[in-house]
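Across the two complexes that follow, subunit A remains constant while its partner is subunit B and subsequently subunit C.
Showing the complex of A and B:
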């Protein structure tokens, strides 16, 4: 499943970059994140408890930030295993500066297996968009309140 | 499959249902017809700790014409809606769409309130409710309120309904002027869900010119939506084939489409256009 997402931050590119790389921001803003522990350079073990309407599922897995070209682009790799199936996503995230704002484009390839794939795929694309929206909006809120700079 | 264990509570009034939902703090879900929620629970995609059964609440049943609105109780089944004389007379496209939902068993058990509150992106009624500018009458701890359908749907399976709120009824305004409406869908052959469904309402003047058009599409995108570009293209025009074809080309504007095992995003975009045209044609035929 191919997912394209765009988001405009009203903050300069460096600030957005720092926020997106911050473990503290990730822990706070990844949808449903209950645990995020550093296990290597840019690698985290994570528990995500996702909840969308009536659907819920706890995923245990790994979040990895790779191929960083600060402050332009990086890859966000996500792997998780849960009761409803497994999910894996490989997202290329690009940041462009425009008049003090930052345009983010996320281009992801996601694979879902298990019950989610057979039954849920009809709604998965929409849900992925929704979760990405929640994540980036959350990061934006952290940027506004200045919380993102507190730790890196 | 078998759902995870859950507690079962039966509410005898809307107030009691709200109270039960409140006391379980987001862990409870409402059980009405059970034809959206129970399949999700059996697949263990949903695992609520408590089900609050509202099936026995008499207040939530029945269909009535109140002033300029057709008021449909939340527990009204799709079968009742499709056969009711007041619905057929006042809002024929609503009866028509209800008769096309799922299969007979789903229509006999599934409810109007449950359907709209479920916000399945491939469900039929959300399109019709959008095109008819329906309002949901919602009861919560703060009392009663009305939410327009367009503000009610927030995303796939997501609505503005709070975790301790109950849909009491749905108000469908009956257009005062001369109007025509129709629903057309391309259904998934196994589930009966709409791969694309279009609901149209055309308000016409004496000469047959379109004064106002309301077009809503379900199934094709990640949520049901109003196709404003189509509405704009129809406004002030004659209700004829050429206008319909041109307007329907805009049906995919402003929505986001993604593919699944059954249909690609491009195919769904195309279906949205085709079924918008068919619904327009059907409305005036």
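Showing the complex of A and C:
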């Protein structure tokens, strides 16, 4: 399943980059994040409690930030397993500066199994959009309130 | 008394079923019963590294968790029971629970047994399985390619069999003036019986007897297979399947799940129930169709068909299901010439394993695929030659005086009058009238199409000798016992296993008609291996031609003995006794008579029987048909395609079917209606879709489009009557004809409607989006 998402931050590119790479921001803003522990360079063990349609329950897995070309692009790799099945996503995230704002484009390949595949496939694209929206909006809030810089 | 054979008697089973008084497997509750749930693989192809069930076992209420290792020596592999000969057949092992590898989404991995079904279900989530995900292949043609992921180590290139039939068609193609080449995809369908599968097992450790209630189309086949799988002697294993809510082929197969339930009941010493959920049914109950057929048709310019060459690549799923291999070979290949005189035909089929749910019979099973191919090819030939598709059909029909007719594929069509059925349908449709309307509509920018399907099918499976020759691991005769009780009531025991087709009514009609007694006085018993001597079940439209014939033969035997007793009572010779309308009377002396009920009573009192005659009045028959039966007919469909949206509306549907003499016209019409709807479901709506990772994307009724009543006009149905010459009732089957006939009629109709767009073929299902793309600028879908 291919997912495309765009978001515009009203903050400069470097600040957005730093926020997105920050463990503290990720812990606070990844939807449903209950635990995010560093297990290696750019690698975190995570527990996400999600409740959106068929994606319902606790997902245990790994979040990895890879192939970073600061402040332009990086890959966000997600792997999780929960009651409704397993989820794996490989997202390329690119940041472009436009008039002091930052345009983020996310291009992801996601694979799901279990109930998420058999029952949820039709709505999965919409759910991914919703979750990505929550995440980036959360990051934006942190940027506005200055929280992101204090914990970087 | 009015004749009962041929009367529209209301289905006697309905008052019970529609008031919730049926006895389905899931209705059974036994004291101390436990509930089972099955953990199924979320991956289409993966190695199992480790299964950790400790957490699940600790959940309060969980009684046991079993994995593949626990079945060692207790539950054998699930067998394949149709092995077409000379096909280099490989039957890879199908363990009841996957041990090393899972091969499709839905493959069973562990069995949980708990005090209630909710705990059992919750416990599934606590089982940790460590999978190593492997590359997946879901498309049959890709699975045959070099380097494709291999499902089973002992099946090279995933090809389980390669089967061929017919003769050498090269001369036909050499002589041909026209050759039509086209590939046809038969999409995968999900049978979707109203009742999902279920099982209840009860084991008596004292006697060693196991009773297994299951949703089965063929309890005796399940008894012998499960006896082997479980190591329970056949006489200690009782299979019961009384009320079964539809099957359409999906309840023929022997699945791992029912065996697991029996195993658990034996291990735990308590009854165990398992009920399949609807989502589970989508994944774990066999699917149907799924294949691509590469076809070539050789013909002369006058429309005469000379030869046919077909290569089918059939997707069999991850394991070879019980009857699976027989479907795209015997049931498909042999009937490919259809109702036409095609002297040279060659068919070959590759059966290929993929990471998908196993494939088995689905209503029509092989014959819809064959009929679709030949009926589309005939239309393509007509289009190529600028002929009317009706004319091409008439030109190539086997003439009515040519029966019995031997096909190039080795069948002997028993009887037929294809022209007669077509003529009737032409009249009912007002073909010429619709052609005019079509022309006028085109001038207004409306797209109306008329499609035909003239079919013949193999049913009434079948002569046991032929069953053996085509690799069916069983006989195909049928048993019946007809038993009079002292008060003149009758119980009929049939080895067939109706599950919605209405034989509790039609079989009672056959017997009531023969004995001249009220239908209410006849009870039909089926679906219990302890009550019924033997049986091969209900599928392949065999129940009435084979099971009904067995009953007719047994009834005749009963009557022979009753006649002896009646003659004795009337004090005349047997030859002087006539029987009619339930009364024996002396020839030429209509007043000297004895009612059958009085004769029956004497048979049981035995106060005054003829010398040497035993008391009692019942008879058994093991009726083995000498041939299959070949129902046929002509269906026509008129559709209109919405030029704006691509939606297809069925304006008129005409079905003329010939199933021989009709026992109950109301039930026959019901079968035709249901069959036609199911066939149109394939043409227009239904499609099981897997993604490239083997995830089933159409796992709910929101994603898998079932036909709804409001999609259809009233159907115009009628019949011609050409009896089967070789069975005592002359009957042919009618359970599958609608499904076999309707799919190509609809597609031919839509292709005809879209002729102004240069459309020659469309891949099923004909979703509005696909049609809309063609209408809006010829973009290929």
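Everything that follows uses one rule, which is that the second predicted complex is superposed on the first by the 149 of 152 C-alpha atoms of A that agree within 3 Å, B and C clash if a C-alpha of one lies under 4 Å from a C-alpha of the other, contacts with A are read in each partner's own complex, and residues count from 1 in each chain.
Going forward, contacts are C-beta pairs under 8 Å (C-beta built on N, C-alpha and C of every residue); 3 or more make two chains touch, one makes a residue touch a chain.
This is a predicted model, so every value here is computed, not measured.
Of the two partner chains placed by the overlay, only subunit C lies in contact with A:112; subunit B stays clear of it. Once the two complexes are laid over each other on the shared chain, residue contacts for A:86 go to subunit C alone; subunit B is not touched.
Applying the stated contact rule after C-alpha superposition, one finds that A:52 touches subunit B and leaves subunit C untouched. With both structures placed on the common chain, the touch criterion links A:126 to subunit B but leaves subunit C unconnected.
Once chain A of one complex is fitted onto chain A of the other, the partner contacts of A:25 are absent, as it touches neither subunit B nor subunit C. Of the two partner chains placed around the shared chain by superposition, neither subunit B nor subunit C is touched by A:16. Here subunit B and subunit C are compared by how many residues of subunit A each touches, and B touches more. Counting contacts by the rule stated earlier, residues 1, 83, 115, 117-119, 121-122 of subunit A appear in both its interface with subunit B and its interface with subunit C. Only residues 1, 83, 85-86, 111-115, 117-119, 121-122 of subunit A touch subunit C when the two sit together in their complex. On the subunit C side of its complex with subunit A, the touching residues are 42-43, 105, 125, 279, 282-283, 691, 693, 695-697, 699-700, 702-703. Remark: subunit B residues 29, 36-37, 40, 43-48, 118-122, 155-159, 193, 221-223, 256, 258-262, 265 touch subunit A in the complex. Per the touch definition, subunit A reaches subunit B in the complex via residues 1-3, 52-57, 83-84, 115-127, 129-130.
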